[in-house]
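This report refers to the structure that appears directly beneath it.
Think of it as A, B, C and D in the order they're written, each chain with its own count starting at 1.
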Amino acid sequence: MPGEPLLKLESVSIYYGNFCAVKNVSLSVYEGEIVSLIGANGAGKTTVMNAIMGLVHPAKGSIIFEGKRIDKLDTSQIVSLGVSLVPEGRRIFSTLTVYENLMAGAYTPRARAQREQMLKRVYDLFPILQERSKQLAGTLSGGEQQMLAIGRALMSNPKLLLLDEISLGLSPIVTLKLYDAIRRINSEGTTILLVEQNVRQSLKISSRAYILKSGEIVLSGYSKDLKDEEEIKSAYFGV
Amino acid sequence: MNLFSPIITGIFLGGLYAVIGLGLSLVFGVMKLVNLAHGAFVVFGSYLGLALLIAFGLDPILALILIVPTAFILGYCIQKFLVNRAYQLGTEPALLITYGISIILANLYQQIFSPYFKSLVTDYSVKGLSIGPYSVPLIYVLDFIVCFIAMLLLHWLLNKTYIGLSIRCAVQDPVAAKLMGISIEHVYALTLGISLSFASLAGVFLGLTFPFNPVSSFTYLFIAFGVVVIGGLGSMTGTFIGGIVLGLSQTLAAYFLGIGLQTFVGFIVIFIMLAIRPQGIFGVKE
Amino acid sequence: MFRLNAEYILLVILTLIMALLPVVGIGWYTLHVLFLFFVYLALANMWNLLAGYSGLVSLGQPAFMGIAGYTLAMLLWFFDTPLYIAIPAACAAATAFAAVLSIPLFRMRGFYFSIGTLLLNEICRVWFNWWRPIPVPGAPVGGGAGFGIRSGLSPISIYYLALAVGIASIILMRFILGSKLGAGLMAIRDNERAAATCGIDIFRCKLYSFLIATFFTGLAACVFYLFQGHIEPTGAFSISWLNVMLMAVIIGGISTEEGPIVGSAIVVLLSQLLPRYAEYSPLILGVLLTLIITFTPPGIIGMMRKTRLYNAMLKYLSKPIT
Amino acid sequence: MASDDSILDVQRLKKSFGGLVAVRDFSFHLGKGEILGLMGPNGAGKTTVFNLISGVYKPDSGVIKYKGMNIVGLPPHKIRRLGIARTYQIPQPFPRLTVLQNVQIAAMYGGGFSKAESEKRAHEVLDFIGLSDKKDMPAGNLKLLDLKMLELARAIVSNPSVLLVDEVGAGLREAEIPHLVKILKTINEMGVSIMLIEHIPRLVVETVDRLIVMNAGEKIADGKPREVIRDARVIECYLGKEIVEE
């Protein structure tokens, strides 16, 4: 892998009060990659995502984006640098219209300048959002809401897009569509780090993967090498 | 019996009450914080208007060009440097700090302007307007017009600007709003700034309508609170109707029970509303 | 189980000194300041019980004080009731008022409770301003003019009453905090959900605390009005009573036993010992309150508790003496 | 399935939050003296089941029979006093009170013991659970493992008949698990029926008599732990199906 990674976590530990949610985690994401972060519930995947976004701050270690330390920055500064998260549970603004949700995604000054182009790109990716642009976001179906959440995150034209459990609660067909869109977003130049519970699914789409267990990385490597079920099963079930 | 006069003044007065409630409702809707200094903020407008009137002979309505921005900056700073810090510690410290601010302001008013009643007297503030056989003070009509202007303005601000968008996002989901790059602390500061601007607007018109003194800070806090409790915190239509209900209950109580019990009835209405439906008539249960 | 320790001995000694002050002929002015200190102390302790230990940020204490004061005034004015009946009856009336109001008030949660209680002051003020039990036009009785309170007590006996109430409030706090109720209240304050899961009836615990605090607040009010000899609505239901309690508790240190003692002393000193600046004292207190909440929310005692010296002193004071 | 020897008998429990169904038609029973495990992926509704039994939430419909009595609608403190104690996944201590006070309060209020008796019992339980050296610390200063133990101590100090344990193992190190298994077994031997939400398979397999797996608010498996864990549907609900077709 050539050069410096786009995102690098170096021995990051995160505590909630006395509870150590993430222990000594190091990982890197290189430009253009799709990397997945796999683990059972409570393994600390979402915590890692939140730490990258500055929603929680690590007690130890550093997070480096484009060669710059970001672990002490505010979320708004990190978003301005070009990192965007599609949070677990979508968290769309349900009483705002679809259009307003997308506009909220283009809040940072950098994004506001190019919001027309980005809007076009998002509508191109998910035409249904254009059709529903005047509708309240809360009236969308689950899959459409997830598309909106992804579209909203794209509006800031991120260099790195973080996806947290985007397939949760969605039907296989919708999930399939979403993953197609993810590939397209990636092929258009956005680097992606995704968190999934659906192991087989995420190994399929990503080039590399890290497996978290109880807050620690227990396994990592190229996704195609990790398809050996037994190893992952043991990471999950421990028996 | 002639109910025309109490009803029409009640409605006009209610419009002004609604403006007093707007800012409180906004702050509660955004931060889930009951701003106990809201009444003091209202009176801030009245006193600043008075100061400008005395010092430069500036017409209070014209002076709004100066008063509203000053109020905005004051609100922004109070939130940024005081309330935000307390807010991080929990809702009770934030509530108590607004209490502290109200004490400070009320006492400052007293030091600067004396504890006695003052009013903003202009030639139009004492004029009457005839509607058929009845006469209504012109200023009451102005109050009612201001109510509509204020509501339209706030509506525009919330729905058509990026500031409004960021506020609405922060209300719905502070975490998601952060992920959009919105700084929640900035939004909160803007919110208090806007709230104080509307409070000072109400204050100027209240000062034109009624005499005021430092203790009015608390009276207007109760009125503001009554308006939003009746109408439902965070609902603009509710705030308007809450204002009218409170205005009417006061003028009608004065008509039937006498001036002495006019505020009593208003307060009892608020208290009962609090007990049976704290989210207000139009509020949504959380 | 009562265990004698240095704290109690200190308390007894201080009480004795305070009790001897009038005998050795200390000045009226000092006695007056001390009198206020004891009344404020009782009020602050009770507000601390509510806000600091029970999670009830009640802003309606002036209303309960006023109800007690007015009941006392009525009983003395109309029925010439002896004091030893009138005072408990006044406190009971305030408590009964609180008990009835607890039904609507406890439906209001958090902020709504604070606002609902704050509203009580205004409701009472307007009502008593209007209410005239003696319908003689122009008579200086009732309504805005209020009532005289003639007890026939000498100022020194009232000072002793205040001393008793102030010291009793300290002992009451110690007793409540050591009791099952106190444990339940602190548990609720710390974590309401866990408290319910531990079998604590949250509503009932809070109600008891509310009623106890009201009774004792009423008692402090009675002592104050006996001294003042007069009650009228604007003063009785004034927000400045609230200032006294809030400032004393928050400046001193909320949720600590010593906080209200230190805080009451500061409030009394600021309002009484700087007579030239008396008009500025609410302003100074307001600024102090705001600064304390912003910078050291645990108050003065909270700050001191972080020092080793203070903790060593506390430890020494609470060590049992055998 | 439910027989006379079940202490907790739950029938067709249903709960939704604003349109989202968290628990649907969930029925099970807990036998006297049994240790029952409850597994399932995130959002399966396990903790909601505990919240429904302990009275934190009121079910939309369904019956929860405890010793033959329907306890639906009772407030949490009454349910605790009847003898159903629980722990929380995220420990919920009284942070400003000492460890001893934390436990003592549960004994006083949850068990109805006198103050002195509660203190004695609290000491005993802390000894048993291994926290007695920290009894005078404020609970807010404890480490995670100790907080979890404190949760357990607070739950068992009132002599409950049923103990609901929510993910006591999560976040613990491998080496800390045997200690936990031993404690749970001992509690069970004292006659307490236990229901256990757990993800750590080793802990589950070694502890429970029977295992229920939930997914999306429904029961998908119920039986001997080793068999259930090998059930294809169970593995699928954890690892997910491969749905991207090349």
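Basically, contacts are C-beta pairs under 8 Å (C-beta built on N, C-alpha and C of every residue); 3 or more make two chains touch, one makes a residue touch a chain.
Computed from a predicted model, the values in this text were never measured in an experiment.
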Set of chains adjacent to chain B and to chain C: none
Shortest walk length in steps over touching chains, chain A through to chain B: 1
Chain whose mean Cα position lies farthest from chain B: D
Chain pair, most C-beta pairs within the contact cut-off: B-C
Whole-Å separation of chain centres (CA-atom averages), chain C against chain D: 44
Chain centre separation in whole Å, for chain D relative to chain A (CA means): 33
Distance between the centres, which are taken as Cα means, of chain D and chain B, whole angstrom: 50
Distance from chain C to chain A - Cα centre to Cα centre, in angstrom: 55
Pairs of chains, among all present, that meet the touch criterion: A-B, A-D, B-C, C-D
Contact footprint of chain C on chain D as seen in their complex: 54-56, 75-77, 80-81, 85-86, 88, 92-97, 101, 104-106, 108-111, 115, 154, 158
List of chain C residues in touch with chain B within their complex: 51, 57, 104-105, 107-112, 114-116, 118-120, 122-123, 126-127, 129-130, 239, 243, 246, 250, 279-280, 282-283, 285-287, 289-290, 293-294, 297
Touching residues on chain D, where the partner in the complex is chain A: 41-43, 90, 142-144, 147, 167, 170-173, 199-202, 205, 229, 235, 238-245
Parts of chain B lying in touch with chain A, wherever the complex brings them together: 162, 165-166, 168-169, 172-173, 175-183
Of chain B, residues touching chain C in the complex: 32-34, 36, 82, 85-86, 89, 91-93, 95-97, 99-101, 103-104, 107-108, 110-111, 218, 222, 225, 229, 260-261, 263-264, 267-268, 270-272, 274-276, 278
